[in-house]
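The following blocks contain the structures, represented as structure tokens.
Shared between the two complexes below is chain A, which has chain B as its partner in the first and chain C in the second.
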Partner chain A sequence: MLEVKNLKAYIDVDAGVVKAVDDVSFSIKAGETVGIVGESGSGKSVLALSLMQLNPKPPVFYPQGEILFEGQNLLTMKESELRKIRGNKISMIFQDPMSSLNPIFRIEKQLIEAIRTHQDLSRKDAERKAIELLTDVGIPDPERRMRDYPHQFSGGMRQRVMIAIALACRPKLLIADEPTTALDVTIQAQILELLASIQKKYGTAIIIITHDLGVVAKLADRVMVMYSGRIVEEGSTADIFYRTSMPYTWSLLRSMPNIGSAGNERLVPIQGQPPNLITPPKGCNFNPRCLFAGPECLEVDPVLAERGNGHLAACVLSQREFNERKRQLEAVEREGVRG
Partner chain B sequence: MIKYTLRRLFSLIPVMFIVSIIVFMIVHLTPGNPATLILGEESTKESVAQLEKQLGLDKPLLVQFFYWLKNILMGDFGQSVYSSEPVLRIILNHIGPTFSLTIFALILILLIAIPTAIFVVWKRNSLLDPLFISVTLLGVSIPEFWFAILLVLGFAVTFPIFPVAGYAAFGDGVLNWIYHLFLPAFVLAAVEIGLVARMLRDGMLEAVNQDYIRTARAKGVKESIVLMKHVFSNALIPTTTVIATIVAGLMGGTVIIETIFTIPGIGQLLIDSIYRRDYPVIQGVILFIAAIYVLVNLFVDLLYTFLDPRIRYD
Partner chain C sequence: MSNRLLEIRDLKMYFPIEEGMFKKTTNYVKAVNGLSLTVNKGETLAIVGESGCGKSTLARTIIGLQKPTSGEILFEGKNILEFNHQEMHQLRRDIQMVFQDPFTSLNPRMKVGDIIAAPLKAYKTTKNVKHRVLELMELVGLKPEYYNRLPHEFSGGQRQRIGIARAIALEPKLIICDEPVSALDVSIQAQVINLFKDLQKELNLTYLFISHDLSVVKHIADKVAVMYLGKIMEMSENETFFQEACHPYSNALLSAIPLPDPEKEKTRERIVLKGDLPSPANPPAGCVFHTRCPFAQDSCRENTPPLEKRGEEHFVSCYFPVEHKPAEKARSVVN
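Up next is the complex of A and B:
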């Protein structure tokens, strides 16, 4: 349904050109849930907005690539054609539900706008549809709440409204960019459940973008790990969590609580800073922070390579070498803790 | 909302009271005997005494003040010493032209500033924006009297499209009204258009990068509608205060323009009564202008609750 080929999204800034998305390829099948994880600043949002063609141009430009949605290339499509896809076939929800709704319009107006932009419905019918949508996303007393303004809703409720807006035209693909990051933990879980239930009910494909592997573990069938504008590992959720194939993903897993193994493990933050995307390091982008980096890593910029059945990783180390080094390192660290 | 409005109206009482003290003191702070000032140096003692009696100037100051205030509260602003007409009637006679001029100028300001601002924001990444900034800067620095005379020379003398001066009431035909008011209203508007358009542009440029605008685009809404509906209505909120200040200023009478175009409005009245040392009229006009400012401000505060639902006063 969606196929991204060698996409580059660069940003013109005073200091140079930020390679926010640098040669990314992947595809999304109808009805599947795909997670994109990576530290903040790794280019997840720019990638997501590329799929909607909503990056501000300038400063963002696309020097290379294709985004094929149902066979059509969004990069070369006319603005008027893109508008027919946005909010209709591909929808998006954003990180901050507090600021994502227009503060001076009633929820009703914002929902009906989403409906009537693509559907030829009378006001009455659109209103009825809006109530249905709000019910669907779990907003109690929708007839009354519809007449309220965004500031009268809590953060979680606003994100539900955003989801209702995104679902207004039953999109084939829903892009959720950090949809729970700004919310309380309990509310986060509710929103994730809602997304999962929508996926089940309507078979909507979902791209869930997050820096939180826990979110991905709950929701995604497949995961793409992003680092400095590139996909560095891709595979089924089980591949990523249990058959980790490269150092960045492994570091990311070690830096987060409650996933992977028993949960009695120590959290190890990733050392160093994400690389400068204007002048990335020579060789592998992760080499300055990588615990396994050897001399080769300063020269070779690894590309994604097959690690078995749809599992891809970008690292000069083979799976066997990586597992071996990992074991050694973990053994040394255990010694360190004991001694 | 009604409670808030009433509360605000009550809070106007002390403000207007202080204003009235100041207005009252005008007569007494001007050096010399007011009666002599009005009548001139060669007036006889008797006529001065008579006028003092008529104006109540022979009584103690405090008594004079409360007497004056009581009359005003009962709608009696005194009489013109020049024409003996009631001050209130004189002011009411002059409101029409000033009000006409205000409405006309306001329509011109909004009609030109709003589409200009929207267009500039639409083309925000082009050279239009720096050009716009320069033109608005130029616009706000035009001297009114100079621009008025220039327009009269151009469009009333060289090309006699409009009259050189004069005024026709709205009741005497809309076309005639427009015919007489176009040039003065245009001059008044010209100096404010830049300011309003600039405020709107700044507000819109701020709103255009907000998350909720991205949401609107993500719905597939046309960019022109995004700008006109979502961006503009958010930018209108900060601009309202500026527009209100302009309206209050215009309603208070525009001395220069009303004089150049001989429009019998509040500004003209104020100037004339100052020349005639017609203290009751001067006091009445100043009270009127103060009341306009206070009421326009109140109106704007109430308007905000309609423009911005986040503002609730109760």
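Up next is the complex of A and C:
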């Protein structure tokens, strides 16, 4: 349904050109949930906004690539045509539901606008549809709440309203950019359940962008891990969590605080800082922070290569070498703890 | 006991809601509503709760930024609410704070060295300030060449290190950390958590660690206290909490955290809470949690459950705590 080919999205700043998305390719099938995981500055949000063509141009420009949605290239499409897709076939929800709703209009107006922009419905019908949508996303007493302004809703309820607006036209693809980061854990759990149920009910494909591997483990069928503007590992959720092939993914999993772990053992952080995207390191972008980096990593810039069953990883180490190195390192660390 | 560093007894912090032309007080926001706890020397007590539960208000009250409505705060056995100016001056040296946002808690016009030196100069503890600052910088993992740089040249994790160096400069007895890692990226978060642990070991620090993230708390706390609408719902030692937390709210919090493990994530049982946090201006009668509690009975709506001892260092405020069956416990041990 959606196919991204060799996409580059660069940002022109005073200090140079930031390679925010650097040669990224992937595809999304109808009805699947794909997680994009990465830290701040890894380019995940720029990538998401590229898919909607919502990045401000300038400073963002696209030196290369194609974004094919149902066979049409969004990168070369006219603004008027893009408008027919945005909010209709592809819609998006953002991290902060307060700043994405207009504070001076009632929820009703904002919902009905979203519906009537793309669908030829009378006001009455649109209103009925709006109530239906609010019921769907679990807002109690929708007829009354429709007349409320955004500030009268709590954070979780606002995010539900955003989801209702995003779903107004039964999109084929829903892009959720950190949808639960601003919410409390118990409310996050509610919103994640809601996204899962929407997916089941409407068969909407969902791209969920997050820094939280837990969210991905819960929702996603497939995961893409981004680091400094590139996808460094891609595979089924099980591949990523249980057959990790890229040192960055593995390090990220080790550094995550986890309530499922045994005791209050020490976390293993990733040393150093994410790289500067104006002048990325030579060779593999992760080499300055990688525990397994060898001389080859300073020279070779690895590309995504097949590890079996659609599992891709960008690392010079083969799966066997990686597992071997991992075992050695873990043995040394255990020794260190004991000594 | 001499081991007690901080003891809070029945603390209440109400903020008036003023309405109308004459600012008539119509109601109160009960941010902290009858809370008691103790922190022992050298341990880390984590206060966990969602936004609006009063955990930051609690922190601000302890450091004396606001005067509580009622209750006692005993620091080393003395009630700080009765302190005179001079005693307060000493107290501000003994209790330091690390803030959530490393961007707004450092003065953008001051150099790193001056930021860390500020408390040293204020209390005139040492003649050789620069030497001490460099020592502190080394302790928190900052390179000496950063001495003359400005905060904007640093990433979030590095800035948090500057904030920590400033907090430990006067060798405080208690450090209150208000969400110190929640603004940081995962890979950096782990670095800062480990730094807190190392410093505690090295300098024998006591932390009151405020956080909404139970997974972070699990890695740093000795004891965990769960707060809801200005009250403590459950308090216990770390291990007890993560294995046999029995307040329904604690269990809901635990099950709401997505595990970074897809298999476990699909199979585990969870308590999903309905609805939102009630307003602290108008907390529910009886048990404050009853409006969202899946196990609430009539008695919960009428009476307020006291914080009762349930085991060694384990206190719960609930009439119908979740029972952990022995079989279930055994299984979790095997797993």
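In this section, the second predicted complex is superposed on the first by the 330 of 339 C-alpha atoms of A that agree within 3 Å, B and C clash if a C-alpha of one lies under 4 Å from a C-alpha of the other, contacts with A are read in each partner's own complex, and residues count from 1 in each chain.
Just so it is clear, a contact is a pair of C-beta atoms (placed from the backbone, for glycine too) under 8 Å apart; a residue touches a chain by one contact, two chains touch by 3 or more.
As the structure is a computational prediction, the values presented were derived from the model and not from experiment.
Trainee: Quick one: is A:Ser251 in contact with chain B, with chain C, with both, or with neither? Answer first, second, both or neither.
Mentor: In the superposition, A:Ser251 contacts chain C only.
Trainee: For A:Lys84, select first, second, both or neither according to whether it touches chain B, chain C, the two together, or no partner.
Mentor: A:Lys84 contacts chain B only, not chain C.
Trainee: After superposition on the shared chain, which partner residues are touched by A:Met162: those of chain B (first), chain C (second), both, or neither?
Mentor: first
Trainee: Would you check which partner chain A:Val332 touches, where first means chain B only, second means chain C only, and both and neither mean what they say?
Mentor: It touches nothing on chain B or chain C.
Trainee: Is A:Asp96 touching the first partner chain B, the second partner chain C, both, or neither of them?
Mentor: first
Trainee: In this superposed model, does chain C or chain B come into contact with more residues of chain A?
Mentor: Counting contacted residues of chain A, the larger count belongs to C.
Trainee: Given the touch rule stated above, what does A:Ala15 touch, chain B (first), chain C (second), both, or neither?
Mentor: neither
Trainee: Taking the contacts chain A makes with chain B in one complex and with chain C in the other, which residues are shared?
Mentor: Common to the two interfaces on chain A: nothing.
Trainee: Please give the residue numbers of chain A that touch chain C in the complex, ascending.
Mentor: Contact set of chain A toward chain C: 39-40, 154, 156-157, 184-190, 192-193, 211-218, 237-238, 241-242, 251-253, 255-261, 263-271, 273-274.
Trainee: Of all residues in chain A, which touch chain B in the complex?
Mentor: The contact residues of chain A facing chain B are 52, 54, 56, 58, 79, 83-88, 91-92, 94, 96, 99-106, 110, 113-114, 117-118, 149, 151, 162, 165-166, 168.
Trainee: Going by the contact rule at the top, pick out the chain B residues touching chain A in the complex.
Mentor: Contact set of chain B toward chain A: 125, 209-212, 214-223, 230, 233-234, 237, 307-310.
Trainee: Can you list the residues on chain C that touch chain A in the complex?
Mentor: 50-51, 155, 157-158, 185-191, 193-194, 197, 212-216, 218-221, 238-239, 242, 252-265, 270, 272-273, 276-277
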